[in-house]
Each structure stands twice: as structure tokens, then as C-alpha cells.
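In the two complexes that follow, subunit A is the common piece, with subunit B as its partner first and subunit C second.
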Partner chain A sequence: MMRHIWKLVWNRKRANALIVIEILASFLVLYAVTLVGVYFAHNYRQPLGFSYDRVWLVEIDWQRESIELQPELEEEKEAAMMRQLLTAVKEFPEVESAAAMSVVPYSNSTYSSGFTWKGRQVEFMFNRGTTDTAQVLDMHLTAGRWFTEADAAGSSFRPVVINRRLARELFGTENPLGQVVKEEQDKVERRVIGVLEDFRKDGEFSGLQSYMFEHATLGKSKGGQPNNFVLRVRPGVTAAFEEKLTGKLRSMAPTWGFEVKPIEQMRESTLLWQLIPLTIFGVIVGFLLIMVSLGLLGVLWQNVTQRTKEIGLRRALGATAGEVYAQIVSELLVVSTFGLSLGILAVIQFPLLKVVDFISPTVYFTSLVISLGIVYGLTVLCGLYPGWLATRVQPSEALHYE
Partner chain B sequence: MLKNYVKIAFKVLLRRKFFTFISLFAISFTLVVLMVAAALLDHMFATFPPETRNDRTITIPYVRASGEHFESTGNPGYGLLDGYCRNLPGAEKFSIFCSHAPVTSYVNGQKTVSYLKRTDGVFWEILDFQFLEGAPYTNENEKNADFVAVINQATRQKFFGSGEAIGKNIELAGERFRVVGVVKNVPDYRQIPFADVWVPISTSKSKVYRTALRGGFVGLVLAHSPADFPAIKAELVSRMKHVQMNETGFNKVEAMAETVLETTAREVSPRRREGNAFELLAAGLVMALLFMLLPTINLININVSRILERSSEIGVRKAFGASSWSLVGQFVVENIILTLVGGTLAVALTYPALAFIGQSRLFLYADLHMNWRIFCYGFGLALFFGLLSGVFPAWKMSRLHPVQALKGGVR
Partner chain C sequence: MIHLSNVEKVYRTDRIETVALSNINVRVEQGEFISIMGPSGSGKSTLLNVIGLLDVPTGGEVTLNGRLITSYGDRSLARVRNEEIGFIFQTFHLINDLSVVDNVEIPLLYRKMSGAERRKRALKALEQVGLSARVHHFPSQLSGGQQQRVAIARAIVGGPRILLADEPTGNLDSQMGDEVMSILKALNSLEQTTVVMVTHDQRQAEKTARIVRLFDGRQVN
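And then the complex of A and B:
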């Protein structure tokens, strides 16, 4: 049966070649969009690692007096002012807890770092937080602990907190607590004191990344001060508090700039900007698929009317309507399978060659299944009406020809 | 002859309405997407007020400072622009402004965020803002560090309601400015002029920007003619060799003069180092062609089917001596007529599409309109699309054997 159908398809290879190309092209386009969609959905289900509820952000813009003169002195003055400001923020009855950090969730800035570890390059995102950062953002630690004030008092090593992914990357199945992460060019050793569930700074749709936190002390430190405060306000605190808070901060440091906003607001715009391209491409691909389906429907319709003689002859020789129907649909399935096989061959190169290694094989496979399902579904749908038309062909009509 | 083809074309279109619908759907959808893309690009790069002289302007938006251990890229600093970029050969005017940044204000307890741009006085001479009230501030204001501001229409509405704004005070990030002018809104996809509020650079809280070589500022050069661009670029490169470095860790600085198109090309290029406007255009064209691929195959498929349906007509014409070429011509003309009808539909559909994008949150103060340039793109695209999807089916049709065609049996 299959061989026979294959022969029928092969006999009309010129006409079918165009359909094959069309199915191949639509599959590729659909696959690309589905891949991004599935990737987002997959990421969405991973733990975020922090909570943004009632969390506000204060962005601080230090206006330095000069760039050339004694940067150490400037930094010390800045650190002292930052400590005063943070204390002032904590004193507000509206504020539950407050902390300073370098890179806040949903901000545009990133801070990446990397080093050679056991002969290979390890890349990770880097951040600094004070003693209360984990509490303010409600970050979960799966092992060990977050920084404490005791860590600030000059110990012989620099404590760091890493996320599970980085722990796996560096130490495999070994217990990461107490392990030493030493950079080759760095004289002070870094020691892991805690493991975070995760910290996905760019939010729900972003991919999983390795992450490292270092202790920010708002004192003498190498590598700069964090220039943001995060604070968790008490339930029921309204936007009116923003003005009050900004006013207080401005009065304390008149030459500095302050921006206060709820992180919720930044979350909305970040997610919106991640979804907009997907939505635009999704709509375009949707229309393309409708267009292709309609075109396919037209072509098949035309095919059936053109093959009246052949179909009529089959009916006259005793084929049932169901058999004719099955023939039309299975021919179509053979053609689309051919096109889709080419498509699978093309897209399977990505996971095999590890071109984009941050997308997991599960995501590749799921989106492959989804797009195959959609294309098969649409082609079968397009074949239904022409198939039905073919069953209406009267044997006598066909035999009347010529 | 052509008249006949046109007549036949319309008859054929009306004969099988479903097919005509499929074709028109495909054509108009494809053209709407391409025309919307063309309209967006046109609004980003073509000449619109206030950038009425943008064929003669070139910007200095990018420096790369490097030392032994670091490299830093970003906007140049005021010190670099002020100290080394003035009086370039072929330059008529030179302005310095900083890239816009959000500032918070509280109007009757309500928080509003506006985009603030700090500029010098020349900025208003190079760009042609449409003033609704008052006038721009001048270099004199910049020199005296006067707290004056030009605001746009939307900001006037937010702060002062429907009334006049001239002479009133506006509070931005805790500082008070006196409003001296109100301009029409400028959309945020025009990066050079865009802002809600413009104030003199010298009103900055700290004066450290005056000597900084890196950070936050953009230079805007108005040349006598576009022919001066190469000389300006070359002179800038050579002047950068004599820059006195004042930051530890850096020993070299490079700056580039770029047109807006070149800036965009640099920003989307993978290494973000140099932008080639020609490559950007080529990439855009390739993307448009790739996008047209699927609709074209689709249309070819439909067209091939439709010809087969008309095989007896072709047979008759061939039997009476029509050449293959005249048949090809006829079919291509028919297809172009079809795409032009689709193109007309597409133009009609582009209006609501642009209106939809305009009122979405994608852009601030978007003012997207159809204009004759976009119309011409659309017309050209429709012609091109018609040719692309018509030639292969026409060639296939012309090869039909008359006897076979007359019988109506084709493979």
C-alpha cells in the first residue's frame, strides 16, 4: 500500500516538489518561533530564587567631585555616606528591611566574570550584596548560610555564595561548602559559604546562569561599592512614600541623584520587552501558516478536480469512497513527511553541533514535537475537503471523458 | 494588447473566487508586513522634523578607551568633545548633548517620570524643533548655568494641564527650572532629538563632566555638505592620537564619527566595534527576501494550479500561432495585476496596522504615518513580488504542448 502511494507521489514529483519546499519552509519558520516559546515556558517553571513582592529599589548616582584626585579618599567618603543613608532608610517605619547590592533584579545592567578552573574556562554572573540582601529579597539557600556581620571583620578569606548551577559546574557532586575558589591572578582566596537555589536577575523568562555573590561591606573594599538599595516595605505602603523617601535621601546627600521605584514596575517592563519580539514573530508566523494552509487547500482541490478520470476509474473498479478518501489523505501525508524529514534533518544539527548550548535537549525535542504536530495537523486539515470532493466523483462522469 | 490582457486578467480573477481570495490574502499579508517594516525604518532614518538637515549631520557617539588591562566602550565624555572635537574641517556647527536619562518628579503627589536631555545652545540651531510656545535657550544660558528648560507638549500637559507654561517653574529630581519653551513631541525612535525636557548641560550638580573623556555625551556635527564626512572622520581619528589621558589605567582613546545609520549598524553588529551602513542595508534586504520566500513559493504553487485549469485556453492560443513569449508576457502581466490589486489592499491595511503600532506601548510619542516614500516602497515591492511569483508559472505554461493542452491533459 505505502509503496503504491509512494509511486503515485513520485509520478507527480514536479508538482509535489513545490509542496515539499513549502512545507519544509513553513516547518522551519514555525520551529524557530516554537523553540523560543518552549524555551520561555521551560524557563518560567524554574525557580526564580527571589521574591519581588513589596520590594522597592533606590538607584543611587554618586556625583564625584573629581575623577583624577585621590579616588581612594572619594571611595571612603562615599562608603561612609552610603552607610548613613542605609541606616536612615531602615529607620523609616514603612520599611521592613533594607540592604545594598550591585545588580538588582530586572535591571539592565549585568556584571559577568570568569576564571580558569581545572583547565577550563568557567563563566558566571557576579553580584555583591550586604548582610541583609538575602532577607530583603527572600532568597533561598539550599545549603550553608548567607553573609553575616562577622564576615565583614577582616577574615583571611573572602566568603562567596554561589548558585546550584555554579556549584555543580565547579565541584560536581562534591559538597561545595568550605571549598576554595581561587582565581589565578587573585591573591585572596574565595571560599564558598553558602549555596543559593538560584538568582535569575533577568526574571522568569531568562535562561539559567551560573551565579556568584560576594559580600559588600559598604566599607573599604576592592572593586567598588554597590550603588543600589533594595528595601521591602510593609504591606499597605503606597507610592506616596516614594516622595518622602526621596526627599529624605536628597536632604542627606544633596549632590547625589536618587531614583526610587517598586521592582514590580521594572519586572513588568522587562517581561514585556522579552515577550514583544516573540509576540510579533508569533503573529507573523501564524499568518504565514494560515496563508500556506489556504494555498495548500487550493492546490489539492485543483489536483483532485484534475484527477477526476483516475479517481472515477478507481470507483468504477470497485473502490469504496473511504478508500479514495484514504488515498488522497495518505498521498498528502507522504508528501508532508518527506518535507518534514528534510526539516528535521536541518534542525537536528543545532543540538548535535551544540551551536546554542544554553538551550537544553528537552526544549529542542519538545518544540520539535509541537511543530511537527502543528504542521501535520494543518496538512491533514487541508486534505479533508479535497478528499471529500474526491469521494463525490461519479464513475460515470470519469468514463464520459473523451 | 495590454488592454486585452488586463481584461482577461480580471475575468480570470472573478471566475474562481476562492483562488483569488487565497492569492490576495497571501499577497496583501506579505506586503503589509514589508510595508510596516519599511514605514518603521523610514520613520527612524529619513528626514523628519526636527532633524530636517540630517543629510548633513554626523554624530560622535562612541569612544573606545583602552589600557593594558581594560578596555571601555561607550559614549564620549564632555571633556573629550569640548577639548578635541570642535572646529573639525568642513563642520559648520558643533553641538554637545548628553544621552537622555529618566528623572522623577512629583506633581501634586503623583509620580511622573520624564526623560531629560542636557544640551548646549547650538543644539537648537542644528535641529529644527517646532516651538508651540517661547523659544530655545541659548549658549548664553549654558554659560551662566541658568536653570531654564524646554519641555515637550506631553510634559506641559502632565505638569500644567492645558494652560500656558512659559515662565512657570518645573521641578525635576528636586531641582527647579524655569520653562522658556514648549516644543512638539518628538518620538523616541529619533535618538538624537528625543527627550521630554531639555536643559543646559551646565546645570549638572557636579562639574566633573567638564574634564571627563568618557561617559554620557554625544557630539553632533553639522557639516557644510555630506561630502565633508570622510574628512571629518579622518581628522577625528588623527586628533584622538593627541588626547591627554587623565584616568589611570587608560593610555589610548579612539572616537568615531558616524551617521545614524552607521551607529545602528555598529549596535547590531556582533562585535559592536565598527558599523558598515552598506552591510546593514544588505542584511535588511536579505531578510526581506527570506521573508518573501515562503509567500512566493505559496503563490507559485497556486499560480501553477490555476494555469493547468486554463490549459485548453492556452492550447487554443498556441494552436493559432501565439508564441511562447507572448504567453509568458500575458501571464506575467496578469500576475502583476493581481499583485497590484493585493498591493492596494495592503496599503489600505497598512494604515490601521501603523495606527495600532502607534498607540501600542512600543514607542513613546510615535507618529507613524503613510507617506509617498512608503507608498513607493509598497508599489515597488508589489511589482517585484508579482514578477518573482509570476515568471516560473508563466514559463511552465508556455512550454505546454498545444495538442496536449487542447486535450486538457497535463501532468
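And then the complex of A and C:
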């Protein structure tokens, strides 16, 4: 029977071309949105690499416009003041631990870097943190250690902590600890002292990226020093502490600006902004699918009406109502398969040609299966009513239908 | 073989009641070739539809080989139509998107049968009607007479004991009509197939063993 249906659909290819195009177009749009959705969901299940619970951010504005005349001298003063401020923050009984870092989680800032490694370009995200940063953010190290005060004593190499992805990228299956990462033009070598599980600064929906941390010392530094404090407050600390903390910091550095906010608040805002485009496209796709469904329903309805005589003939020749019903739905599935095969041929090029290399084959494949399931489900759903109508008509009436 | 007893068919709408058949009593024996005649609207096709289980009578009983068919459900009726009855229509009712041999195979699609067996039987049926050279043609590439022969091949492919023909020569010129009639006659005489034919052509009706005449839904003899 399936061969008969394939033959019938193929011989009616002109009549079925519009349905095929409609199914193909809706599949491609649905696949794009599903891909983003599955990518987000996949990322959501990956380790974040840090904890944002009870972590607050103090963003410091040094008001540098006023010190441009003597930058060297002022940087020394600035570093000293930063150390004093960090000590003062740690002394608050409400604060469990505090540290300074350059790029805080869920902030809009990014710091990317890269170098040529064994003949290929390696790109990664870059950050600096003081000795307590890992403790404050509860960062998970899978090997080695985080920076200690001893690292600040001026060793011959720069200690770095990298994430697992960068470790794999640089050293493959070799143990990354103690390995030297040095660019050809670098005077100081970087040596890996620890491996982080991960550090997905942009939050749960963001993709896995290669990451490298360097030690920040709050001293005169070539690379610039961090202008953010992150602090983990004790359980039960309320928003009132924000004012108390800001007051203290302002009293110590009256010309500087301070903004204090919980990281959780930044997280909510970041995730919202990441989800908005997906939601908008999701709604558009939802409407598109409704339109496609109505279109399909109309086309199939017309198709069944046009074929009333054929349906009557099949009933006269021995088809049961159920067999006619199954044939209508099967034909629709075959037509869908034509459209979806073209769609699969198109979308499979993305993973094959590695057009978007940060999306894994699993995400591509899962999105494909979901999109296929939705389109097949939808077409079957659209075929149910016209199929049922086909079974309602009496064979004798159908044969004389005009 | 076929026994219609007090068969009645009334079409009812909210306003009108149309009596299509009234008090029809017909008995057709195995191997008979009968024709049903009558003017337009006399109920010929309705009677054929009732005999062919395509329509359900509103009164009376239809018995086929001693089985009371009027009590059968959709699945059982479909099986009887598929295995025991072959239909030939005035307008051929061929599916234009399928080749001749694919059209002939259709009744066998509703049986448990391999594709190879279906094809073998379809080719044999086409050979019987003299269309072996046209198996891969499409209906639109054939003449009216050839199309009707394809329809006859489709009707006989399943080996039915009854052939029901609704004005099989109605759309054909006299020469082609005679060809079709000779095929039906051969099937009747050589294979003992029972043939019930609706016609308004007295010349063709006279070639059959018996004529059942209808007028305004009633049997007149």
C-alpha cells in the first residue's frame, strides 16, 4: 500500500508542490528557532562554574578624568586606596568574603584575548581576580589551585587558571597543570596552576567558551587593575546593608563613585535580555505554524473534496472507511516527507560545514528531531479532519459527486 | 445468489421525501446475466447500488448467497464488495494519475497480498480484456473503449462471482459498446460470473437472459 501511495503522490507532484514548499518553509523557520531554544536548554544544563547566591557587586568609578595630568603617581594612590577599600569591605560583619575582579558575572563587559598556539589561533575570554575571587564566587576547580598571596610575590612566570575547554584546546588529553602557555612575542611565560570546571560569565544560557584567569594584585599593574569588588554576604543580610556599605566606601574615597547591587539582580536582567529575542521569534513561529496549519487544512480539505469520486471508487472496490482514512493521512505524511527531506538536506549543511562552530552536533541533531516531530505532528493533525470527512461520505453518493 | 425482498429506498430531507425504490423483489441466480432497464430517474442505479452494497436500503432485505447483508457493518460490507463483487461504471472511474496496471491493482490493495502477486493478477486481467500492450499507459492516453476495458479488468482482477455494470456502454459508440458487451458475455459464459447490468439501450439489454424493468422506483414486468 505504501508503494501505491508513494506512486500516487509522485505522480501528483505538481499538485503537491505547494504543500511541499509550505512544509519546507515552515520547517526551516521552526528549525532555526528550535535550534536557538535547544542551544539555550543545552547550555542551561551545563555547569555555570560559579555561584551567584548572596554575591554582591561593588562597581567602582575612579573618576579618572581628574587625574590625567599625573597618571603614574595617581595609579599608585589608586591601587593603595583599592587595597584599603577591599580591607574595609572584608571587615564588615555582614561580609563573608570579598575579592576584586575585572569582569564580573552577568556584566556587559567582556575581555577577549587570543594567541597563536602551535600554528593555530586560539581565542579565549580573559579575566583577572584576586586571591579570594574563587572563594567568593564558589568557583569549582577540577585540578590544581587558585591564586595565593605567594603568586603575587613576583615569580618568573605569570600563573594562570584556565577552564577545561581551554585546557582541552591547548593540551588535548595531556595534564594541563604546570604547562607553559607562551606566545612567541611574550617576554613572560604563563604557567597553568589550576583548571576551572568552567566560568560562564554571561550566565546559564550562554555557550561554553575558553576562559583564562590571571592573578590581580591591586598594585601598579601593566594590565590594569580590577575596578570591581565581589563580596559574598552572610545569610539574612538585607538590602539595607547596601547603603551602609556605600556610605563607608564614600567616606574613604569621596571623589570616587560606587554602585552596589546583588549579582542575582544582574542575572535576572541578563537572562531576560537573552530570552526576549527567543520569545519574540517563538511567538512569530507560533503564528506561522498556525497559519501553515490553517493553510494545510484548507488545501487538504479541498484535496479530499476534489477526490470524493476517487474515495467513493476505493470504497466500492473494497476499502473500509478506516483504510480510506489511513490513506489520506499516509499521503500527507509522504508529502511532508518530501518537504522535510529537502529541509534536512538544507539544515544538515550547518554542522557539516561547521557554519556555527559553537553549536554542538548534539544540539543540531536534537533540534532536527524536535522540528521534524512538530511538523509531522502538525501535518497529521491537519489531515485528521479532512480524512474523517472522507470516511463520512456514502460510496454511492461519492461516485456521483460533482 | 442475490435476493432482494421488498426493498425500499427513500431519501428524506427536512421538507421532502423521495421514494427511489419501492417494493422491489428480485432474485438473480448464479451465472445469470440480467439487465435492469427503465427511463432516467426510475431507480436503476439506486437498485444497482443496493445490490452492490454501496447504498443501504431503508426497508426490505438483501440476501447474498444466503447471508443477510443488510445487517452487515462497514468492515464486513467492504470485504464482501472486495471479494465477491466487481463494479463497472458508465464513466469508468479510472484514476488518471495512475497507470493502467496500477488502476487494475486497486481492489487487490485491500487484500493481504504481495506486490508481485498483485502485479501478476493485474497483468492477467489486462490480458483477458486484450490490453496487455497498454499496461504502462495512463488513462488519458486511451480511447473510451480501452478505458472501459481497463475498468472491466479492474472489476474482474479479484475474481468476483458477481459483476455489476452501471451503463457500461453508455459512453461508448456502438462498436466499442459491442466489444464491451462481448467481454461481459464471455465472462458470464466462460467463468459463470453473474452479471447485473443497468442499461437504457434496448439492443444491449436484449443480449442478456432477462430484463428487470423499473418505472418510478417500482418494478414493472
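FYI, the second predicted complex is superposed on the first by the 391 of 402 C-alpha atoms of A that agree within 3 Å, B and C clash if a C-alpha of one lies under 4 Å from a C-alpha of the other, contacts with A are read in each partner's own complex, and residues count from 1 in each chain.
The rule is short, and it goes like this: contacts are C-beta pairs under 8 Å (C-beta built on N, C-alpha and C of every residue); 3 or more make two chains touch, one makes a residue touch a chain.
As the structure is a prediction and not an experimental result, all values here were calculated from the model.
Upon superposition of the two complexes on subunit A, no clash is found between subunit B and subunit C, which fit side by side. Of the two partner chains placed around the shared chain by superposition, subunit C is the only one that A:S396 touches, whereas subunit B remains out of contact. Measured by the number of subunit A residues touched, the leading partner among subunit B and subunit C is B.
Contacts of A:N108 after superposition: neither subunit B nor subunit C is touched. Judged by the touch definition given at the top, the superposed model places A:Q121 against neither subunit B nor subunit C.
By the document's definition of touching, of the two partners only subunit B reaches A:L288; subunit C does not. By the touch criterion defined above, A:T320 reaches subunit C but does not reach subunit B.
In the superposition on chain A, contact is made by A:R3 with subunit C only, not with subunit B. Using the contact criterion defined above for the overlaid structures, shared-chain residue A:L18 touches subunit B, although it does not reach subunit C.
The vertex angle at subunit A, taken between the C-alpha centres of subunit B and subunit C once both structures are aligned on chain A, is 90 degrees to the nearest 10. Overlay on chain A (Cα): least separation between subunit B and subunit C is 10 Å. Shared interface residues of subunit A (contacting subunit B in one complex, subunit C in the other): 12. Subunit A makes touch with subunit B in their complex at residues 12, 14-15, 18-19, 21-22, 25-26, 29, 63-68, 71, 239-240, 242-243, 246-247, 250, 255-261, 272, 276, 284, 287-288, 290-292, 294-299, 301-303, 305-306, 402.
Interface residues of subunit A facing subunit C in the complex, by the touch rule stated above, are 1, 3-4, 7-8, 11-12, 309-310, 313-323, 394-396, 399-400. By the touch criterion stated above, subunit B contacts subunit A in their complex at residues 18-19, 21-22, 25-26, 29-30, 33, 102, 104, 106, 109, 111, 173-174, 204-206, 208, 211-212, 246-248, 293-295, 297-302, 304-306, 308-309, 361-362, 407, 410-411. Of all residues in subunit C, only 45-46, 49, 52, 54-55, 74-75, 78-79, 81-83, 87, 89, 93, 95, 97-98, 102, 105-107, 109-111, 115, 154, 158 touch subunit A in the complex they form.
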